[in-house]
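I have a structure here, written as structure tokens, and I will follow up with some questions on it.
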Amino acid sequence: MANTFGQLFRVTTFGESHGGEIGVVIDGCPPKIDISEADIQHELDRRRPGQSKITTQRKEEDRCEIVSGVFEGRTLGTPIAILVRNKDARREDYVEIARKFRPSHADFSYEAKYGIRNWQGGGRASARETIGRVAAGAVAKKILSILYSNFEIVAYVAQIHEIIAKINRSSVKMKDAEKNAVRCPDIAAAKRMESLIGQIRNAGDSVGGVIECVVRGIPAGLGEPVFDKLEADLAKAMLSLPATKGFEIGSGFAATHMRGSEHNDPFEMRRGRIRTATNNSGGVQGGISNGEEIYFRVAFKPTATIAHEQKTVSTSREQTKLSARGRHDPCVLPRAVPIVEAMAALVLCDHALRQQAIDLPALE
Amino acid sequence: MANTFGQLFRVTTFGESHGGEIGVVIDGCPPKIDISEADIQHELDRRRPGQSKITTQRKEEDRCEIVSGVFEGRTLGTPIAILVRNKDARREDYVEIARKFRPSHADFSYEAKYGIRNWQGGGRASARETIGRVAAGAVAKKILSILYSNFEIVAYVAQIHEIIAKINRSSVKMKDAEKNAVRCPDIAAAKRMESLIGQIRNAGDSVGGVIECVVRGIPAGLGEPVFDKLEADLAKAMLSLPATKGFEIGSGFAATHMRGSEHNDPFEMRRGRIRTATNNSGGVQGGISNGEEIYFRVAFKPTATIAHEQKTVSTSREQTKLSARGRHDPCVLPRAVPIVEAMAALVLCDHALRQQAIDLPALE
Amino acid sequence: MANTFGQLFRVTTFGESHGGEIGVVIDGCPPKIDISEADIQHELDRRRPGQSKITTQRKEEDRCEIVSGVFEGRTLGTPIAILVRNKDARREDYVEIARKFRPSHADFSYEAKYGIRNWQGGGRASARETIGRVAAGAVAKKILSILYSNFEIVAYVAQIHEIIAKINRSSVKMKDAEKNAVRCPDIAAAKRMESLIGQIRNAGDSVGGVIECVVRGIPAGLGEPVFDKLEADLAKAMLSLPATKGFEIGSGFAATHMRGSEHNDPFEMRRGRIRTATNNSGGVQGGISNGEEIYFRVAFKPTATIAHEQKTVSTSREQTKLSARGRHDPCVLPRAVPIVEAMAALVLCDHALRQQAIDLPALE
Amino acid sequence: MANTFGQLFRVTTFGESHGGEIGVVIDGCPPKIDISEADIQHELDRRRPGQSKITTQRKEEDRCEIVSGVFEGRTLGTPIAILVRNKDARREDYVEIARKFRPSHADFSYEAKYGIRNWQGGGRASARETIGRVAAGAVAKKILSILYSNFEIVAYVAQIHEIIAKINRSSVKMKDAEKNAVRCPDIAAAKRMESLIGQIRNAGDSVGGVIECVVRGIPAGLGEPVFDKLEADLAKAMLSLPATKGFEIGSGFAATHMRGSEHNDPFEMRRGRIRTATNNSGGVQGGISNGEEIYFRVAFKPTATIAHEQKTVSTSREQTKLSARGRHDPCVLPRAVPIVEAMAALVLCDHALRQQAIDLPALE
């Protein structure tokens, strides 16, 4: 379903970027989970604009309100609705894009699909839609932490344009990513990235990059063998994010340069558990987790909104030109880090509940 | 749902690699579509083992039978069930893998998930499961051809290990790919690939590579803006295939090395239609097709089954070794080409029907 | 899915009776439908408490706000979210039911299911949940009116306790039902019902009855042959309403007293169309509409909340007694009439869109 | 989805009455359940034609074959496909109904929906479709028996035309229903029913009646509060069966004649458990089981196929007449008993797995 994600832990987002409210309904959340607005606000603040000098300077408070499904601090098992109020739009800010299709934005394709679009701030295609995902992801993380004592999810910026960070994937912690504005755990690379983003902004241009995500503490056995493979659901989750162009799990595209004898992950016994000696599989085999670290990478294109003057076409089908005004992120990656984590948490939480459903205690 | 794919054009596959039958049920197929077993058999023959000297020499006939949903050569609107009988297994062929987990196969993760597995030939994780997908894809292609007169889908091998083909993506045709055993339209590269695959087989090893897929004739407006973005559903479809490790649409990972001013696709008027001057978007913007060619790439790892002796662990949790016997594909890509096409057709057909559902004729 | 209804026109409700907001998200609504808060408010006012002297005297304004999915008065194709703010609860009003399970309410079964419940005003089991259904039903009615020019849906009270109304099902109009507080088109019966409800209220007791619903203007061909038969989806829709105990379509339970030769509806030609001479089928044959009037009846039990002192058990598992205080409906039927209509509209709108999806114009 | 039933225990049926095979795919079945073809065949034999002198004398063997999902006698967790081969149709038997719409059958509505139909034996609308439901129900019963040690499901004929059986609902056992051909536990009534059915058959006519179903051993807590109420899903399940016209749970339509003070089920402590003194609720409150017996009643119309000459219309839209030939059930109820049980088991098994999904062990 278009605006719903998940089979058992089902997240429905709604809202455009302007007018009224933006929000999420979470259906299928187990009861008795401790959850507060502060838990959710913490994650929302990580994706909020204006949090550092390299993100857009727009100020959006994005205060969340839980309006149902939580009672005296605990989930009820009924739908959790979380709302964030939009700021009032200044209609005149959008007069130009009401008449012109912004290149590499969704303006034209929405118009083709629906024959109507909310041209204020991108409408439903606005990245504000991800607020609901991040809010739901905060709840999913809680559940995963209850189910799996060593659960941990860490996303970080691994590359910005030509700058590639050096990161020890198996030891990196969330605090390492959070300690700078770029959310890159390699401090030297982070500095260069920060400087590059500043130059790019001054040049009225934009850049993209790669976010890497590592998940630890997921036991073997999550995922479904055929269409709902864990990597398939992760790929869908990531490609459903604005500005993403690619996804790879484990060895990814690099696997195409290896031979089977190099790529296969031999099994071995370690501390009484079956483990793999290497982890080219990225923690998933045949669509099902094997107990190793799950890791994947997501490619983000450079932000489509740039200050450069661009050629385009008007809604009346005439050639024209367009220059973005206002304050935009020259690079979305730092703010996308918590969103990648949220989507990964949604996928894993859903599969965790699905696994619970088929585990009959009487047959253990 | 684990074994069902699609919202409106819904495909459910079933069957393990050995014992009984393997098949597919297609629910939601429009009525009155001409379809025959020959149409489906044609596609099944493209994925069949033993079709050329670079694929596995196992002989599997894979004759399909339509057992419901088609009457006097036309679809009824009721579920189409298509069956293919499995050959009888020789139980002794699988005695070793009943007791040992094959590296980078799904044996261990299935065991962890279900506490039981059909160890004959990989059971449900066998690539035979894709027979049902290809059969359903043949029906989806028919529907897309009825809906869109210029519809065309072409997948081909773009890379094997270090050999990268040179292909003009915008002019390549299915017959170009079909004219050699590797299914690579660059004849020179195809020859080198064929030779490499032969060497790799003799060395008891395996290789992977990249399949590229181009879809033409899809109008602007297919896809959903949020979770069911066209690229998200394509990513899921591709990562749900055995042996895949990555997916990229349009510019893909290469986008991370570009600036916004280079990457954006300017709109322009061409022959009275709104078009983009470049196509880094890969035919999809904001999750919705924009009328340009849709193209994407899929990374396949080297086949996990190799003749080399490998370290592994037994089901009784002891260190052991394993060497694959029998006839296996040293490279899955040539046979995966029709499967990639089939999955792309399933995604597009589903979105085409979804789009029909919301197009109220009275509001045109 | 527990809180989502429909396959293509998908309605998700959320909210408990107290605290925060109650609302609905409609996903899959076609674009370009004229819709306003006034359209929705009109239907909400029909279900509102305090609208007449025979309904509860609680004053609830239930003002709706459309917070997304509508732009300049027309639907966008994106999710429509509609919110209604709850009044602040007086916590002390619910102290008793926090500790005691109300007979024939959901208090105990919720506790058994979730191990936690929002004891304020019934929480999620409150009839306030139906606000979201009625709001979504208003949108569904709009769509059905666009698709089918003669579309009309009329529900009315056909029986209260022992008083059975005489109604000409084929000529009754919504205005006939709306002209009295009981929503019964038989004026004489309506008077007796009104008087009975008054007496019952004074006696601190409650009564139930039957609502009948007629739908006109639905063409032949809506519905699905097997599990999603039109009557099956209507039955589910009606039994999902609070206080319902039974559903019958067409001849219903009375069919069990007829012979096939009496019950069968002969086909005949009338004004150039295939019609049935009688309509025991209730407009549906084999799960699919046949173009005749669709009609069905729904049994509602007497309201569970009564002023009588009742035996029950406390949450600490001790025998106790309970008397309801406050203002409650002694008979829910008059206010349930618009809810029955709304649910019927949701079912029919969903099937109308499903039918559109499989109608390939090229094959007409 | 049209041909799929259930959220977690998902059953997809396929096949028409003639040509090829009819069958079912069960997805979401937990692994390690003992299941054999004999278990399934036992239930299929209860619905088989020709099992007694009051059912149709057509001989259909209906031998089932499990073609996937079961290995060495236990479920694998992968899709279970079960097939039954159809007998070859004698095309000439159906020449007349190819040209004429049978009254109160689905011939006309299918034609209106799809513009095509398989006129052999009713095609997809044939009661043969229920073979798949019964096969899946056999698996569901197994799972429910594993989960709930006292689980028991008993359906029986409670009424045929004007003959109403006297049955002690709380003590009746399956063997009581199985001991006569009518499947009515009241022996005296059963005799009269059997005699009536014989007369009706000789008169070339048909009769309907009521099947009652009791389920014991379901704990409190199954079902969902809003749309997927247990009674709503049961109502849908029953109305999705051919020839059904009504459904009532607990007190049902009789509740409309009671006052709240009579109808409410007081809670009381019994043997240390919370129980209700009466059970007008039918074991479900607010959509969720309360631990009492679940019971409901289903109205079946008289069989549409009768030997009487009937008025109808031809496919070329001319008035004509039609008399059924061949051997048909003059009363479907005896054979519908196992189908009612199967559908109830599917609903309950699905909700049992859904409940497992949200029960986090760490929070007990």
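Letters A, B, C and D name the chains as they come in the text, with residue numbers starting at 1 for each one.
Please note the rule applied: contacts are C-beta pairs under 8 Å (C-beta built on N, C-alpha and C of every residue); 3 or more make two chains touch, one makes a residue touch a chain.
Given the structure is predicted, the values throughout are model-derived calculations rather than measurements.
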{"item": "Chain located farthest away, centre of subunit C as origin (C-alpha)", "value": "B"}
{"item": "Between C-D and B-C, the pair with more C-beta contacts", "value": "C-D"}
{"item": "Cα-centroid distance, subunit A relative to subunit C, in whole angstrom", "value": "39"}
{"item": "For subunit C paired with subunit D, centre-to-centre distance based on mean C-alpha positions, whole Å", "value": "26"}
{"item": "Interchain centroid distance [CA atoms averaged], subunit B/subunit C, Å", "value": "45"}
{"item": "Subunit C: positions in contact with at least two other chains", "value": "1-4, 13, 28, 31-32, 77-78, 113-115, 124, 225, 354, 363"}
{"item": "Subunit A residues touching subunit B - in the complex, by the definition given at the top", "value": "1-5, 7, 13, 101, 103-106, 108-110, 112-113, 115, 124-125, 129, 159, 161-162, 200, 205-210, 219-229, 231-240, 242, 244-253, 255-269, 274, 276-277, 280-282, 284-291, 299-306, 308, 310-313, 317-319, 354-355, 363"}
{"item": "Contacting residues of subunit A [partner subunit C, same complex]", "value": "1-4, 10, 12-16, 19-23, 25, 27-28, 31-32, 65-69, 71, 74-81, 83, 113-118, 123-124"}
{"item": "Touch list for subunit C against partner subunit B, complex", "value": "8, 28-33, 77-78, 143, 146-147, 225, 353-354, 356-360, 362-363"}
